[in-house]
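Below: a set of structures, written as structure tokens.
Each of the next two complexes has subunit A plus one other chain: subunit B in the first, subunit C in the second.
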Partner chain A sequence: MVDIAFGPEPEKRPDPAQPSDAYLELTRRRRMYGGILMVIFVALMVSGFQLAQSRNAGDFLSGLPMLMAFPAEVLSEAWANRAEMPALVLRFLPSLIETINIAAVATLLGAIAAMTMSLLATRGLARWPRAIPVFRRLMDGLRAIPEIVIALVLIFILGGGPVPAVIAIALHTGGALGKLFSEVAENADLKPVEGLTSVGATWGQRMWLGVIPQVAPNWLSYTLLRFEINVRASAILGFVGEGGIGHDLKIALQWGQGRYDEVVVIFLLLLLTITFIDRISDRARERLVKGRRP
Partner chain B sequence: MLEVKSVTRMFGQKAAVDRASFRIDGPAFVGIIGRSGAGKSTFLRMMNRLVDASSGEILVDGCNVLALKGREARAWQSQCAMIFQQFNLVPRMDVASNVLHGILNRRSTLQTMFNHWPRADILRALEILDRLGIAEQAPKRAEALSGGQQQRVAIARALMQDPRIILADEPIASLDPMNAQVVMDTLKRINVEDGRMVIANLHTLDTARRYCDRVIGMRDGRIVFDGTPDQLSTGVARDIYGADASFNESATSTAIPADAAADKDWAAQMLA
Partner chain C sequence: MTTASISRPAVDPALVTTITGAFARRRLAALAVPVLILCYLIYTAFAFDLGGLFARARMDNAAILVSDFWSYKTHVTRDNRSGDLTIAIEGEAKGTYPAGMLPDWVTTDGATTRIDLGDGHLVTYDADGARYAIPDYGTVDIRPLNGKLALTAPEPLPDWISASDNKVSVTTDAGRFSYSRSKVETFKYQPGWELFFFTLDSPFYGKSFTELVALALWQDRVDPARSNLGYMLAEFWTNKMWRHGDVAWALFETIQMAFLGTMGAALLALPLGFMAASNMMPSGAVRFATRRLFDFIRAVDALIWTILLSRAFGPGPMTGSLAILINDTGTFGKLFSESLENIDARQVEGIRSTGANALQRARFGVIPQVTPVLLSQILYYLESNTRSATVIGAIVGGGIGLLLTQAIITQKDWEEVAYYITLIVLMVMAMDALSGWLRRRLIKG
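For the complex of A and B:
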């Protein structure tokens, strides 16, 4: 692979009159650089792995065969109790609906906040052009703090339950969607906005009629994607005491043996939900971006 | 009625419009001509308050519209309609909605969000579309219309504003000769029938001669000509455009020739 271009004897210089020689020389040099980079990459990977291995409590290689032990245990127990699964599905359905509700409300609130913030932070559209950096940094801040941190703080203040989860996810969603929305709005055609300005429309009217119809398909597509992410986030927040299916999952996992059938049912429900939302949003996005099929 | 007093707009060190002054009494059809970059567009944009002036005054019935701010500036914009070269409609909305946008200044943002328009206004919008001969297009999306039709929708939006002054920034520059004539005839009709002042930036001299009561020539931001269309001789046009003797306006004229000189030549050639 490595093609060494230097040696004991100086190599023949490429003849500029022969372009094919010069090109071959170029290819050879590129290949050599590629080879050197590859060697460095492999060396870094190996040394990094050894460092991590030396700091690890167990041993990676000897632990490797155990990797499948836990899932195997869970699955075999679930298989043994497979007759009870339909009953378990019905039992966990209410908490699954709670989780989805938390995600939906949070996505809606976050998207509404993101709409306003993104328009205020977009060059050429902003109501107060000088305040653009303020809104940008605000969105950066909202995005930087993980949901779980906001949720933990809010649990101390408001106590457990769905409300802190909704607030935590909505704040993060507002920051994340705001940035994406702003990037879409930046590419919006300004001609309709100018036309509306010329009739004396207010900023709100200009945005509502001139910008939002243009960006709506892309915005909705991003929002549906975010909804899917938020279902997962809402399930995770159940672990820290927000209720929903995450709470059930935590209890089932902590209990250990004897409740593994519940773990499997919960995972299956989450998987199905996310697949379902993904299918729906795929179809909706296609319809929005490409237009209704006749 | 309209008095422009040494209006100036600076872009950096360069003056796009340099101490422009003129006066218009009564509802005239005024054409502004000049080459690209002469400051025609900037001037109209300043009048409509899309661009702020650096200095000067524009007095409309004694009120300096350049000093208005916020709500009052928007109220002025609603009285001073603007028509753009690229139409500037909302492409995804239907034609009637685009016309209704003309009264946005009178509607609150909340009413706009819920798409609530008074019945009387909807009927008036349809009436205006009918007057401009595009009533059957009302439910179509604006983007589905041809350029000439879109420009007529833009004129309908301007009429919906019930404006005192209509500003037209190169209204026919992206239209074919037939549609250009329809649009210019419409503007002239509004000028004559409704008695509204029309100020149009034009880039063809024959259009300016045919439709305008008065022509203002701009060059490098200054007004270099202000007179009737009859006074606009080829020599004057050369001065306005900064062209030399090789300038020949018929070379780029979009008018459909009315004379039969070519036919006569052809007949003579065949008979010879």
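For the complex of A and C:
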């Protein structure tokens, strides 16, 4: 036991006659390391924030009272125009639907790509075992490129609209889900696959009938979580690039005073949609993973 | 079939119908899901106007992008009124050759300029006009005549020559040539990212690697005030074309935003997580309030937080850090409280039996159990926040995200876009590797 705990070197072994000394020594040393790490961490945080603040246009303390000024201004104007709210909701509904559609299509396409890639990159299931590293690196690469990069480049080529956002989010989703899917598939039971192999099933049949039924609940749960993330990403991409409710928000904000009622409506729509999707996907995921039948 | 069923006990016909019904429903569902997905995709194809997209797509932009990614062009321009010759890389002032300095494929002799585009393509500017000799075709000769351009070229004109009275342009594999009344211009395309290390005005421009090593190690100082190596690094760092120093600073700023945001959120979320965990906080009201706070923070999207904060604090990296910090406080709070609820209660009870108070129980009973889980979650978010910081940087005006969006919006310097994209991908991969390595180290102990 002592060997396992302290290693094989004899000089590191504690003196059995004085067990408390060794223990206290160990604790002291651990506390010291912990303390040093803590000091370094705090120093990094403090200096980091000071540096960030010095490069910022406004500083923290003078900005703090202003934090509520903008929301207050926006809300008061929106309150004054509250009668027009329902009309505005109707006006922004199409772009909200577009934002959700972007996220949904991107999640679907990304998940379909991730299904194939993950099976091809899982040890024991891959069609071409030698190509496993290729597909793994491919997924790493897809995950590493931020959506905004692909979206902006595609906007240059394809022009504005939702398609660049869909492609950008789908590529990233493919990489991110592929990794998670492959981790699930690694734990799948291989017996059904062997059974299918013995009756001469093709690779596609083995995967479709032997693996997918096992992993489907977990995969679906990850996909729903990703959909949630993608709705947020789609709103942000709209703000930076084009398409969807994010773009409307940018235009309303650029206009500034006079269109703050629109800002509030868009904020509210986003908030409600995200909460709603969050709730639905939370419920569904719990049901899927815990295996309760509806 | 019949003989077998006779020997068996009779099967309940109701059961048979239920089972066949269930099978039929399953088969239908297995078919219906793909069909539904397909229908949805078809609907969105119309909603997103996929047909119009192909009409609107600018494939020439794609060609510019791809060629800029791996090559650069040099403009050789003569002002037809004054006769001045300018040679500029990418046509930029920062890349203009100083007077008396010429690339080796351009020769001048009085008013005559010869440009060798390679593969036998020769362009000559002289007092009469300009000529472009194209192998396997002939010579395109342009002379201004009574205020118009007179073109002499083998007939019929191919479609890569466009000619009018005011402008003639020729596009070949070797380069592009255009003559208008005010100026004549030739673009030569060469592979690589020119001036990546030193700009034209630097004393180190055009030196080979071995020459540079020799200069750095033993040759005489170019500038007596400082060492050659230091001078080289300074020239590289302040390169006016590529701005390596600014780019490195922007990358650092992006990582800084991610680090400050993630760690700050973790520090805030830890006590809040204790307040929201049912086995730590006896008061139901506090638990409820904290959980609703997390829900609220998560529901108000990162985009909205970013906008609100940039109104208060102005653009800059601190705003970006705070946006990540606030957004992740909600996520971490939820994750941390869930991990706290899943701990082993026996360890806490053991500490309690020694008479420890609540703080000591948390410090010695709870924290050691949850630390690996929490650290792993924090590190995972650190990596994913590096990516978010790129996007948030584009909104709040800080870091590499800002540089990237600016370079893309100008639609000109695609080689810089390629450079930034490469750096971003490398940065994210490095953070991914770092966080993965740390997670493995910490969890295995």
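Here, the second predicted complex is superposed on the first by the 230 of 294 C-alpha atoms of A that agree within 3 Å, B and C clash if a C-alpha of one lies under 4 Å from a C-alpha of the other, contacts with A are read in each partner's own complex, and residues count from 1 in each chain.
Methods note: a contact is a pair of C-beta atoms (placed from the backbone, for glycine too) under 8 Å apart; a residue touches a chain by one contact, two chains touch by 3 or more.
Quantities reported herein were computed from a predicted structural model and do not represent experimental measurements.
Legend: residue contacts after superposition of the two complexes on their common chain; A:197 is shown touching subunit B, with no touch to subunit C.
By the touch criterion defined above, A:209 lies against subunit B but remains apart from subunit C after alignment on the C-alpha atoms of chain A. Of the two partner chains, subunit C is the only one touched by A:64; subunit B is not.
Once the two complexes are overlaid on the shared chain, A:232 sits against subunit C while remaining clear of subunit B.
Contacts of A:159 after superposition: subunit C is touched, whereas subunit B is not reached.
In the superposition on chain A, A:187 makes contact with neither subunit B nor subunit C.
Those residues of subunit C that touch subunit A in the complex are listed here as 37, 40-41, 44, 47-50, 53, 56-59, 61-62, 65, 253, 256-257, 259-260, 263-264, 267, 295, 298-304, 307-309, 311-319, 321, 387, 390-391, 394-395, 398, 401, 404-405, 408, 411, 417, 421, 424-425, 428-429, 432.
By the touch criterion stated above, subunit A contacts subunit B in their complex at residues 189, 191-192, 194-202, 204-205, 208-210, 213-214.
Against subunit A, in their complex, subunit B makes its touches with residues 48, 50, 73-78, 81-82, 84, 86-93, 101-105, 107, 109, 112-113, 154, 157, 161.
Of all residues in subunit A, only 41, 44-45, 48-49, 51-53, 55-60, 63-64, 66-67, 69-71, 98, 101, 104-105, 108, 140-141, 143-149, 152-153, 156-159, 161-163, 166, 232, 235-236, 239-240, 246, 249, 253, 267, 270-271, 274-275, 278 touch subunit C in the complex they form.
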